[in-house]
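Paired with chain B in one complex and with chain C in the other, chain A is shared by the two complexes that follow.
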Partner chain A sequence: MALLSVSDLTVELQTSRGMAPAVRGVTFDLEKGGTLGVVGESGCGKSVTALAIMGLLPDGARTTGRIELDGADLLALDEEARCRIRGNRIAMIFQEPMTSLNPVHRIGRQIAEPLRLHRGLRGANARDEVLRLLERVGLPDPARRIDAYPHQMSGGQRQRVMIAMALSCAPDILLADEPTTALDVTIQGQILDLINELVDDTGMGLILISHDLGVIGETTENVAVMYGGTVVEHGATDRLFANFAHPYSQGLFAAIPQVGAARTGPLRTIPGTVPELADLPSACSFADRCARATEICWRQAPRMERIGPDQRTACHHHGETAA
Partner chain B sequence: MTETVSNSDRGSGQGTGRGTASLGFLGRALGHRSFMIGLLLTGAMIISALVSLVWTPHSPTEIVIAERLKLPSASHWFGTDQFGRDILSMIMAGAQTSIVVGLIAVSLGAVLGVSLGLWAAARRGWTEDVIMRLSDLNLAFPVILIAILLTAGWGPGIINAILALGIYNISVFARQVRGAGIAMWEREFVLAARAAGKGNLAITIEHVLPNIISIIVVQATISFAIAILAEAALSYLGVGSQPPNPSWGRMLSESQSYIFLAPIIAVWPGLAIVLSVLGLNLIGDGLRDLVDPRLARRR
Partner chain C sequence: MSVFLARRFLTFLITISGASVIIFLLLEVLPGDPALTMLGVDAPDSAVAAIRLELGLDRPAAVRYVAWIAGLFQGEMGLSYVYKVPVTELIGQRLQVTLPLAIGSMAVATLTALSLGIFAATNHNRIGDYGVMGFSQLGLAIPDFWFGILLIILFAVILHWLPSGGFPGWDEGLWRGVKSLMLPVFTLSLSLTAVMTRVTRSAVLEVAREDFVRTARAKGLSRRAALWRHVLRNALVPVLTIGGVLVATVLTGTLVIENVFALPGVGKLIFDAISNRDLMVVKNVVLLFAAIVVVVNFMVDILYAMVDPRIRIQT
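After this line comes the complex of A and B, so read on.
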């Protein structure tokens, strides 16, 4: 049985124009110790999926489907039970390390919070554990930094602090929502290495969310490409990178700038913009930006189809080569 | 490690900068002229109230008819009133009344108002609607009207003035705190705290409240000034502190009948009210600048 199993997850959010579907029938499994990358443009529903797993959706959101942790449906739990899972069995780190820490508390105190909450550690015991965690995430001079305020640290250091906080209760799953997007490229590499190393050491599962296919390709065993609130392609990372079948994933892959490659023209882009949630077409949501779209794409939503070992895609025209 | 430590990097600029920045706060406070003037004026009021507890030049309640309506002199620095009481002594003792009324009214309003505001911000939905509409209802009744209502029920007295001001202040604080609190709930560190498994109460106390405390302090100084003014107004109307308990407002009201005979006796309580309200307002303004350096203006 998978550690985390998300099936047919649908999330509707309240917008000024009424309820809009942000996630539509997302399904994936995460095995114990497995790593999954979720990639897609802003607004494709990847962060909403993460927040749904955490149970931190904004007020008024409607969720259907199942999110099972070790076979128990999280959506059926009450708020108190979910609080006991958050930060304890499933931890999350965010995009903006600059604003994810409370400016008025010392970082040691903030890391100690989940320890106190979920493991009942206090005082000197908690402090020792915090020091151990800070050392583990590679923060220089932890004995001194433990009493620092967030504004005294750099972005990379703060993201290390966030990771220490997330790790504090040895979670089964780490949800990382664009953990390196706000950081310098050199620091990005360090943080990704750290996350990889921690996943290997602790055997926790990882769901890494990013708009950067390059980051995902280097970090996770499996990839789910999301567009318009659904997963359009899903499979083993090496399989997909060898042969993306969905025109959207192909577009994303082609849009990665190649360092050193001769510039023969402008950078490749996917024409058009991400549709607004309330305007999502009912059939294939990518149809209006897709060069291969035919009449059937406007009439009927494509189903997820297995097109090879460890690769599934949702496209009526997956067999055809790019136009 | 290529990461560098930067003390000037204030991130979102939201750090209230305790710890290393506390020295900077003191330095900025000393350099903020209007804040220091406010501190001086308010300090003078507090000191005269404290001194009057143990010593005044004359008894503020001693009536000496032979000495009535005297101009300022060596034995009566501010002169005497229509009963021959020493005005300086009455002003000093009157400061006690103002401070007690202000302190209790603001504390009452702050404790209840902040709690309600935080609750509204945390719960949103109908809880927030009920709290805020009740608060609007409360604000629709002027302080004076509430005080007169209370007086009609329980007779005139200083307790009613304090209650009326306190009740009014609940709404003032609740509105301020709700607004600032909602903004805090949208912040990422609150989301991160929720992701760590913290409940609403813990987040409110540990994350929301400490980040809006400066707003509450500023509001408290402003409300204190308003309370002093309102206490004077209520006493002037006769629904505040009762004789012989000295009060600036009542001194002003009583001096009215003698305004042509001895105009000076109206000046002293008026001056005391103006200067103490001015002092508190300057402190409030100064604090607002000092806790938020981005808003600091040169004065």
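After this line comes the complex of A and C, so read on.
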């Protein structure tokens, strides 16, 4: 049995134009200690999927489907039970380390909060544990920094603090939503290395969300490519990177600038823009930006099909070569 | 810290000096001669001149200004033209009414506004929120003297629970004093509560949307725990700001309220003093009000730094 099993997850969000589907029928599994990368452009539903797993969707959101942790459906639990899972069995780190920490509390206190909440640690015990965590995430001079305020730290240091906080209760799953996007490139590498190292050491599962296929390719065993609120391609990272089948994934892959490769023309892009949630086409959501789209793509939503070992895609034309 | 205090004290002196000049000049150009007001317009010139000499009004304005300020440094505010007693003594007596009235109103307003504002924010766009906002709209719209009269009709005339006005003095027992200040305190706190409720509500709503509140929830904190531990302290800064500003509103409000409830406070004192051209009282009371406002806002600045570590006390 998978540690985390998301099946047919649908999330509708309240917008000024009524309820709009942000996630439509997302399905994936995460094995114990497994790593999954979720990739896609802004607005494709990847963050909403993560927030749905955490149970932290904005007010008025409607969720259907199943999110099972060790076989128990999280969506069936009450708020109190979900609070016991958050930060304890499933922890999350966010994109913006600058704003994700409370500016008026010392970081030691903020890291100690889940320790007190889930493990009942207080006083000197909690402080010792916080020091150990800060050391573990590689924050220099933890004994001094434990009493610092967030504004006294750099972005990379704050993200380390966020990671320490997420790690505090030894979660089974770490959700990392664009953890490096707001950081300098050199710091990005350090933070990704740290996350990889912690995943290896602790055996926790990782769901890494990114718009950057390059980051995903280096970090996770499996990849789910999302577009328009659905998973359009899913499988083992090495298989997918060897042969992306969905035209959207191919477009994303082609858009990665190759360092050292001769620049023979402008950067490759995918034509068009991400559709607004409320305007999503009802059949294949990528049809209006796809070079291969034919009449069937406008009429019928493609189903996820197995196209090889460890690779599934949702495209009517996946067998055809790229246009 | 001591550098900070010294700097702030200097600022205080400069502000108060400026205020004293403005107050003095305003009273100079204010029509109405104190001597004539005391004696009546038909008084013979010789009598008027004698009074002017007695009050020191024959001296040039600059000399009188310097004499006033020099007196202040020695703790002297001069003699009231009308009551013939030291102004310090008058103010001291009257503050026994006005200070409890002002502090009580601020306290009632702050407690009510924080509770209502938090309640409205946590029930955002629900009936409780609309109810609180409706109440606050009313509180802003109702003139306080009229609200005071309504309270008198209900609690004094109809129910006989509380006195309609007047103040027996603290010697008559604490409870009697408190009772006679209850209606004035509620009246004065009405518009303060309305303003602070709105500020609290919008501050809580704004902070609740911050990323760090989502982080707090992601740690497993309940909505309520996240509100108490992470939202409120951050939401206090705008509430403190408006609280500091409202102190001036409270002080001017005492003028109206003490008249409605016939309370022998500083507000009533200054009202009567203006009517009687008792300029010695007027200028000292106004300067005292100015000093209170400046000191309170200085305390607000210190509170800022205590609430939010990003606001460093500038040295």
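We adopt the following convention: the second predicted complex is superposed on the first by the 323 of 323 C-alpha atoms of A that agree within 3 Å, B and C clash if a C-alpha of one lies under 4 Å from a C-alpha of the other, contacts with A are read in each partner's own complex, and residues count from 1 in each chain.
Throughout what follows, contacts are C-beta pairs under 8 Å (C-beta built on N, C-alpha and C of every residue); 3 or more make two chains touch, one makes a residue touch a chain.
The model shown is predicted, which means the values in this text are computed figures rather than measured ones.
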In the superposed model on chain A, is it clash or fit for chain B and chain C? clash
According to the stated criteria, A:R86 is in contact with first (chain B), second (chain C), both, or neither; which is it? both
Chain B or chain C: which reaches more residues on chain A? B
By the touch definition at the top of the document, which applies to A:S154: first (chain B), second (chain C), both, or neither? first
With both complexes superposed on chain A, which partner does A:P114 reach: first (chain B), second (chain C), both or neither? both
Quick check on the superposed pair: does A:P140 touch chain B, chain C, both, or neither? Answer first, second, both or neither. first
One more residue to check, A:T186. First (chain B), second (chain C), both or neither? first
Between chain B and chain C, which residues of chain A are contacted by each of them? 54, 56, 79-80, 83-88, 91-92, 94, 96, 99-105, 113-114, 117-118, 149, 151, 162, 165
For a test of understanding, state which residues of chain C touch chain A in their complex under the given definition. 210-212, 214-223, 229-230, 233-234, 307-310
The residues of chain A that touch chain C in their complex are 54, 56, 79-80, 83-88, 91-92, 94, 96, 99-105, 113-114, 117-118, 149, 151, 162, 165
Given the complex, residues on chain B that touch chain A span 1-7, 9-12, 14-20, 124-125, 187-189, 191-199, 202, 206-207, 210-211
Where on chain A is chain B touching in the complex? 54, 56, 59, 79-80, 83-88, 91-92, 94, 96, 98-106, 113-114, 117-118, 138, 140, 149-154, 156-157, 162, 165, 186-187, 190
